[in-house]
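Reviewing the structure listed below.
So that you can tell them apart, the chains are marked A, B, C, D, E and F in the order they are listed, and the count of residues begins at 1 in each.
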Amino acid sequence: MRHDARRPDELRPVRIERFFTRAAPGSVLIQAGRTIVLATASVEAQVPAWLAGKGQGWITAEYAMLPGSTQPRKPRERSGRVDGRTSEIQRLVGRSLRAIADLEALGERTITLDCDVLEADGGTRTLAVTGALVALVDAVASIRQTLPDPTRHPLRDSVAAVSVGMVDGRPVLDLDYDEDSRAAVDMNVVMTSGGRFVEVQGTGERATFTSDELVALVELARSGIRQLLDLQRQALGEAWPFG
Amino acid sequence: MRHDARRPDELRPVRIERFFTRAAPGSVLIQAGRTIVLATASVEAQVPAWLAGKGQGWITAEYAMLPGSTQPRKPRERSGRVDGRTSEIQRLVGRSLRAIADLEALGERTITLDCDVLEADGGTRTLAVTGALVALVDAVASIRQTLPDPTRHPLRDSVAAVSVGMVDGRPVLDLDYDEDSRAAVDMNVVMTSGGRFVEVQGTGERATFTSDELVALVELARSGIRQLLDLQRQALGEAWPFG
Amino acid sequence: MRHDARRPDELRPVRIERFFTRAAPGSVLIQAGRTIVLATASVEAQVPAWLAGKGQGWITAEYAMLPGSTQPRKPRERSGRVDGRTSEIQRLVGRSLRAIADLEALGERTITLDCDVLEADGGTRTLAVTGALVALVDAVASIRQTLPDPTRHPLRDSVAAVSVGMVDGRPVLDLDYDEDSRAAVDMNVVMTSGGRFVEVQGTGERATFTSDELVALVELARSGIRQLLDLQRQALGEAWPFG
Amino acid sequence: MRHDARRPDELRPVRIERFFTRAAPGSVLIQAGRTIVLATASVEAQVPAWLAGKGQGWITAEYAMLPGSTQPRKPRERSGRVDGRTSEIQRLVGRSLRAIADLEALGERTITLDCDVLEADGGTRTLAVTGALVALVDAVASIRQTLPDPTRHPLRDSVAAVSVGMVDGRPVLDLDYDEDSRAAVDMNVVMTSGGRFVEVQGTGERATFTSDELVALVELARSGIRQLLDLQRQALGEAWPFG
Amino acid sequence: MRHDARRPDELRPVRIERFFTRAAPGSVLIQAGRTIVLATASVEAQVPAWLAGKGQGWITAEYAMLPGSTQPRKPRERSGRVDGRTSEIQRLVGRSLRAIADLEALGERTITLDCDVLEADGGTRTLAVTGALVALVDAVASIRQTLPDPTRHPLRDSVAAVSVGMVDGRPVLDLDYDEDSRAAVDMNVVMTSGGRFVEVQGTGERATFTSDELVALVELARSGIRQLLDLQRQALGEAWPFG
Amino acid sequence: MRHDARRPDELRPVRIERFFTRAAPGSVLIQAGRTIVLATASVEAQVPAWLAGKGQGWITAEYAMLPGSTQPRKPRERSGRVDGRTSEIQRLVGRSLRAIADLEALGERTITLDCDVLEADGGTRTLAVTGALVALVDAVASIRQTLPDPTRHPLRDSVAAVSVGMVDGRPVLDLDYDEDSRAAVDMNVVMTSGGRFVEVQGTGERATFTSDELVALVELARSGIRQLLDLQRQALGEAWPFG
């Protein structure tokens, strides 16, 4: 059993609250154990310069940890430098959502997913992906009537993510901070509701891993993501746009 | 009557939730109407370089609006430049809290109040002061036993703040965004539970004001702050450290 | 009597020299005691992007202290960060001048007031407002014939500013650095020649203040500003455009 | 056959030139097809602040593309912002080398691998890892006599990397720029000479991938890395420190 | 005759006013024609980190143009980037003054010469050198009694500078802005009162020059600098520390 | 004899390799002794904003030292600040090449010379000029057919540069790092194949120099540059575009 009494293949309790704030058309507070992320989706009526005039939209993401989300306090990234970890996470979240999007169906607009970590206890980047999908669905719903073709939905599939890792010699699902800091191998997996992978990022900061361990970790992640996709569906209820 | 059916001297409904997150020792979600601020208080065991060795502590504040807190989306301040408005607000919050603090009683540590606006509908800076006081009280309680003299409380008084302004020719209390953008004169007032002012900042961006209007606005603010000080006391319950 | 033998309600000796330099159309060296500010007014034939096409002009201000204006030497703000104090002052000077301006009468141009402190001995921000008004009058005169309607003057009123504070338990006018660093309450007041306030900013960094003290300080400031408005009028002589 | 006549499982021709420059103790020019990277290894007699006093060393990497390495010219990253891609690559190279290092055996010193791309035609990050290992071996040799224990080698294993991807529906090895820009799935794999993985990073920017495709790509990468490890061994000759 | 009626070998009228401000120990307003520079010299009781403990001092310079010193207005260099021209000038002024200084005689302190251009009409960098020497003499006098050896003066010689150039095909002395913008060749020369050169910087932005022209320009500069050295001597009067 | 057995008027051995990389149309690896510079010339179909619409092109240069080019390792200039030395060198290289260019003949395009120092042993800036000319010739050849007037060559002359200095009391040519750090006077000279100077920059960081020394150093530089111009001609062979 794990230090918080979970089985190796057990997720932390997850809570998803839609419309947590009202300014942004998508606004989701998602919590897994003690990790809490607020994901908002804002729509702007233009695309980045390099996409202008190509008849398609763009989906991008930003990520930040509030200073009080961890102790000791984490200074704000205001110095003009976004640190490497932040930029990796922002790119991961953006790619994950674009992988299930039909950017032409979106028309020439940008949806920005802001994932702000209110409390950090491991797994913030994967929880950000899972929550951002829900905010994105709500934001798309708010502009549905103004799409180039309202019958063509800009999202083809749902997507969710989870971390897995080798902790104390065995594969475990959904690592919290304590487990993450002891993990020999850490892997983040992003998968669609169609069961296809968007990202598999396995890293051995302290140790290396074999092909067999790679396969075992990927399968463990798949089972966790299946549950998260169900939780997204429940949270969205009638608003679930996928088959 | 005002556009949201309030009387001119009526506050918006206020909600204060302590321990909204668990990482920081003080963590308060405060809401007034549709304005929502998360104020966390973090304690660090050192002071800024210019205070080192003087046997006293420091209280400081940072302020930011999450990008999705307003529409259109507000870009993050990551460029190495904090804009003028942000820095004014940070300084105001810090000064307001230091005004009721006994920094020697704190010992050589820094408490940082991070005020992150989750949703912005006017009055974010004054709500930040009001919420930050509560987070500060909880943070101080968490270190009470390690103070230089545990019998000497580092906070002498409570403090709260509110905005007032001349809207459509008459003084009104606690302006929301719609009123703020129409106000001829805008004033932020910070007052202690002892009834003394810490800050009176009246600005006529579009119009100027007379001595009589100044006095009327200050009195209106005083009545609003009295109610906010009561709400702080209720939220803190047994933890209220003031007389 | 004060440490420099002034009465509590006495200004420092003021000197105003117009056309101190010749490149900018308005260029005023203003001195109060040992505080010296060079205020230049430059005219550009365009407005900020957010004002373009609205048929009105803009007036803005920048403020800096030369490194040698104080000892120990103050490093230049070249790091990409303008500190909080600087940005507060810049905003104050800009707002004060816009409050007496008719921006439509100015047409689509920007006037920038650069207030550079050559020597700092307290009261630099209020002296900057007082000097900048004179430079602004001269700059407006230089473009008078090219205004949209030359008979409609872009300035409706003069404006000047002064600091007041509680020093050693009593209200005093026009604090120098020594007094400012001992003041329990510090207030900056900006007032038009019509006797209306543009800004009242009272701050108790070390102490708090009552309603009565607030009123007393505001009245003391009013008397000082009256004298400064007279000095502006004398300096401008025939160029004084107000009634 | 591929557009440059390679088989799907064929590497580009690789050239490794040690001691390309003489200032840094390790300096390797590595070329694969038209991609050219200069990797230098510099030794400094201190560690980052957060490692000080822990009796171990540090290995880190920086990555940059020279402006003329690609056309159109790529602007230098001098603005204070390192872009997300650069920071991801730097972190990948550093982690890959640390994974095979015994940092305690290094003593309290830092080795920095600077990987500067002289010409970019795809696969720069994996070629950087492969070349940096050789530079690192040479740098370690230069300090061998001053290690805490000269009999304990600070590197336990060699490491090399290659990209694989799904191009036109089939898995191919060592993508050049043309293939990379058409790839549906792109994967970077880092593996030790012991046959264990350090990193497996698979990304579907345009498409998603199945478990079977994941396994096929990983095996293809393994075969390519085996060849690269042989080329490193030949380049190092007598200097090869591994079993 | 030149456009302002000067002979080719004639300086503009020069005015030197010492103690223009009182905060810095050296403060010189120097004017040549319509170019005006305020040079202040501040003394700090420490040296840059790389000089610490070497028993010698440091002399450095900073240069800036006030925004209103030229029209159109020149934006402030606050972006975190000092432009190339500014940094060249700062380095020139610093080197020129260090060339005549005995840094060991100064002891472990830094003197910073801040050269702020109040009005710019050509020749600002050379006028900055000439004025900064006077401010430096006054600053050294203020610390004379605290030098390691008060009988050993930290300045060995005076130094002054002037520009020369090829304008309309002939060599002219002390170019103003109008001449500078038409000059085919531009040269800045810095020379000591002992008649030795510190810097000779000749640049043909639009044209190239021969050896004979180089020699003619250098001799013209020498004659101008002789006059400037006399003016420094007159301004310093009794305070002139050189033989 | 010098420490590396050269005569005072002897250059270090020079090697020039064209088309070192293939992405940029001009790419030259130039080496003098142990100093190695890679100069690439990239062509872009637009000019800086301030030149737009004037019917002429622009030639500019950037300079950087790779971190491993010197020991101890030199940190990258990524902080948003380009240091003074770098910016001086960039400006020198750009001016030197523009001095021999016919920018109208180039049409509205920009050629950027990137001079990256792979190894630094003195004389990097002058070697950059000498190598950049060759890369520029190759880049111009690549666009020859698209020039406004293909019969009008955008380069009028070749240009090369060398350093000279007073070392141990006598003038020497082409200083390496060891000599440069001992030189009393350091001078960089840039000269065209027509024998005319573009730049003469003599600096006495530690000592001053007389007119006679100035003349002797300039003549020594002239003889060295003659040889470098010959080496450029040999490297370009048939591609040499000058008379």
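Quick notes on this structure:
The rule is simple: contacts are C-beta pairs under 8 Å (C-beta built on N, C-alpha and C of every residue); 3 or more make two chains touch, one makes a residue touch a chain.
None of these values were measured; they are calculated from a predicted model.
Each chain gets one centre point, the mean of its Cα atoms, and the points for chain A and chain F are 51 Å apart. Computed from the mean C-alpha positions, the centre of chain E lies at a distance of 28 Å from the centre of chain F. Averaging Cα coordinates per chain places chain D and chain F 33 Å apart.
Per-chain CA centroids place chain A at a distance of 59 Å from chain E.
Residue positions of chain D touching 2 or more other chains: 79-82. In terms of which chains touch, the assembly is arranged as a closed ring, every chain touching its two neighbours and no others. Read round the ring from chain A, going to chain B first, the chain order is A, B, C, E, F, D. Those residues of chain B whose C-beta lies close enough to touch chain C in the complex are 79-85, 87-88, 90-91, 95, 98-99, 192, 194-211, 214-215, 218-219. If you check the complex, the residues on chain A that touch chain B are 20-25, 27, 34, 36, 38, 40-42, 44, 62, 64, 66-73, 76-82, 112, 114, 116, 118-121.
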